[in-house]
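So, here's a batch of structures to check.
One chain, subunit A, appears in both complexes that follow, with subunit B as partner in the first and subunit C in the second.
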Partner chain A sequence: MKHFLLRIEPVIWLLFGQGLLIGTMLLTGWILVVGLAAPLGLVDAAALSFDRAHALASNIVGRLVLAALIVLPLWKGAHHMRHLSIDFRGADRDVVVAPVLYAVATIGSLLGILAVVRL
Partner chain B sequence: MAGPAHPDAMAPSKPGKTRTAPPQMPASWWSHPRIRTYLAFDATGIVYLLLGLVALRVVWALGAGPEVWDATIASLSNPLYILFHVIGLVSVLFVGVRFFGFFPKAQPPRIGPAKPPPQPVILAGLYAAWLGVTLLFAAILGGWIF
Partner chain C sequence: MGEPTKTFVITRFDPDKDEVPKTQEYEIPVEADWKVLDAINFIKDEVDPSISHRWSCRMAVCGSCGMMVDGEPKLTCKTALSDYGDRVTVEPLANFPIVRDLVTELEGFMEKFQRVKPWVIRAKEDAGAADSKPPMNDKGTFVQSPAELAEFKQFSMCINCMLCYAACPVVANEAEFLGPAAIALGHRYNLDSRDQGQDERNEIFRDEGTVFSCSFANECSEVCPKNVDPAAAVNQAKFGAVIDWATSLVLPRASAGRRGEQGGK
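Let's turn to the complex of A and B:
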């Protein structure tokens, strides 16, 4: 398993790095509007009505942006949580922790892609 | 910081016979501000993973029809969700400032035939992109454009 984890490290790092870069850029606006402004009533409710949201999301650009918004933060999260575990004297348990976290990110990514495909 | 550290600053001049142990966090890690900041940066991973899952829930609801969508959007008004998104915003800003701060320092001296631009230019570009993407994405989501 250790060997396998080292073999896939470049792919993990690519997704992790894009989670930091693209994930952070997309999440800022997403949290500001969908997470905070809309629930607090600072945004016209029509902006996030089903019809408008579906029209914005279901074209190719919308699908790609939403897929990135779901997938990339999952990998940034999984990889950073793995290293948090290692830093707290978890080098030995890494052979279990890393596969579990990457499995969560993989399943979440597949569901995320399915979620934008079925829009 | 007086300047960028030499990349081999931590390496021995030639490989010695001394065996080295893997780096370990000191037991008194909590009293070291740099370790605290480093661990806080790692810990934002928990928030990012949850933010990704919440985004998955919201987009999944959009594919499930108007009733599920309306219920999901309404559920985001729950105070726990608001609190989570406040923590999420703080995490994202912290990650952005820290990551974009060391991104220019991590560039290779040359990429193929080209040299990367000076560090302040890369940093300014990253902040401009962050601000631009955030304003554009927020304006679209909030219904101010399109």
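Let's turn to the complex of A and C:
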């Protein structure tokens, strides 16, 4: 398992890096618009109506962005929590912790992609 | 009267007598412009000659006087005493075995240095000056532009003071971790325009206990007294190792240094 984890590390790290980027940039903007600007009336709430949002999300670019927004931060979170666990004196339990976290990220990714496809 | 004093709580350990390190307190008069090292030297010279500590240049170049000051790794010759309170704790660098008092064992670290092949690797001996890449000048040395030098210069400023190892949470947990300074050193040669050994080093960087063991705490760059920014080197080395891995899938290499990989892919 240890050897396997090392072999897949480049892939995980790429997903982690992209998740970090998306998490810090896109999600922040997303929360800013939907969570702050809209309730404060800075953005016209009608612009975020279900029909418009659905149309935006269900075209091909919207679906890709949405899938990236769901999948990549999941891997970022899993990888970060794995290293957090190691930093808290968990190097020995890593052979269990890492597979569990990555399994959660995998399942979450598949469910997320499924949801995006069925939009 | 009125001469300011400070109390120094210093780790003492004599391997012949002590099972575990203990502390000893010294109250001494201090000057306003002293660095922490000045105070320790004063104690050694005037109060207790039995204290052992390493130091040499007193100008943040030699990298010998790294110690934990109030729990943080510091180059004591560069750390103003005035930034600290009336009680200052001085301990040997964390994450290293203690030899005696404030002196730590650095042997294991030297091996980590060698592991990243910190020298210019050439694919083969350059036959003549004219056809080498990069070109050689008439003195037989490689030509390097200021821009090419700037690529790696920051990572070459390391003085091996080991503060980054004392600060690193990964080193604290797994002593075999290659660590910030060694990775920055390897990365420095990977960025060197004269070097052709990136494949070899990227392979080392994909091994167990190297770049991917880093947990992005960034503490190494926080404590680095020379602004080497080892954390940036580690992250760039990760990216290099990932790209190297990806290209090795589509462009299989001559298996000269390849270990532990089954062929075919």
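Convention: the second predicted complex is superposed on the first by the 109 of 119 C-alpha atoms of A that agree within 3 Å, B and C clash if a C-alpha of one lies under 4 Å from a C-alpha of the other, contacts with A are read in each partner's own complex, and residues count from 1 in each chain.
Heads up, the rule we're going with is that a contact is a pair of C-beta atoms (placed from the backbone, for glycine too) under 8 Å apart; a residue touches a chain by one contact, two chains touch by 3 or more.
Only a predicted model underlies this, so the values are computations on that prediction, with no experimental measurement involved.
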{"item": "Partner chain(s) touched by A:Leu110 [first = subunit B, second = subunit C, both, neither]", "value": "neither"}
{"item": "Which superposed partner A:Leu14 touches (first subunit B, second subunit C, both, neither)", "value": "second"}
{"item": "Subunit B versus subunit C as contact partner of A:Ile31, first or second or both or neither", "value": "first"}
{"item": "Partner chain in contact with A:Leu6 - subunit B first, subunit C second, else both or neither", "value": "second"}
{"item": "Partner chain in contact with A:Asp87 - subunit B first, subunit C second, else both or neither", "value": "both"}
{"item": "Dominant contact partner of subunit A by residue count, subunit C or subunit B", "value": "B"}
{"item": "First (subunit B), second (subunit C), both or neither touched by A:Val95", "value": "neither"}
{"item": "On subunit A, positions contacted by subunit B and by subunit C", "value": "80, 83-84, 87, 89, 91"}
{"item": "Interfacial residue positions of subunit B with respect to subunit A in the complex", "value": "22, 24-25, 39, 41-56, 58-60, 62-63, 65-66, 69-70, 73, 76-77, 81-82, 84-86, 88-89, 92-93, 95-96, 99, 103, 129-130, 133-138, 140-143, 146"}
{"item": "Touching residues (chain side subunit A, partner subunit B) in the complex", "value": "19-21, 23-40, 43-44, 46-48, 50, 52-54, 56-57, 65-66, 69-74, 76-81, 83-84, 87-89, 91, 104-105, 108, 111-112, 115-116, 118-119"}
{"item": "Subunit A-touching residues of subunit C, taken from the complex the two chains share", "value": "169-170, 173-174, 206-208, 212, 215-217, 238-239, 241-242, 245-246"}
{"item": "Complex contacts: residues of subunit A adjacent to subunit C", "value": "2, 6, 9-10, 13-14, 17, 80, 83-84, 86-87, 89, 91"}
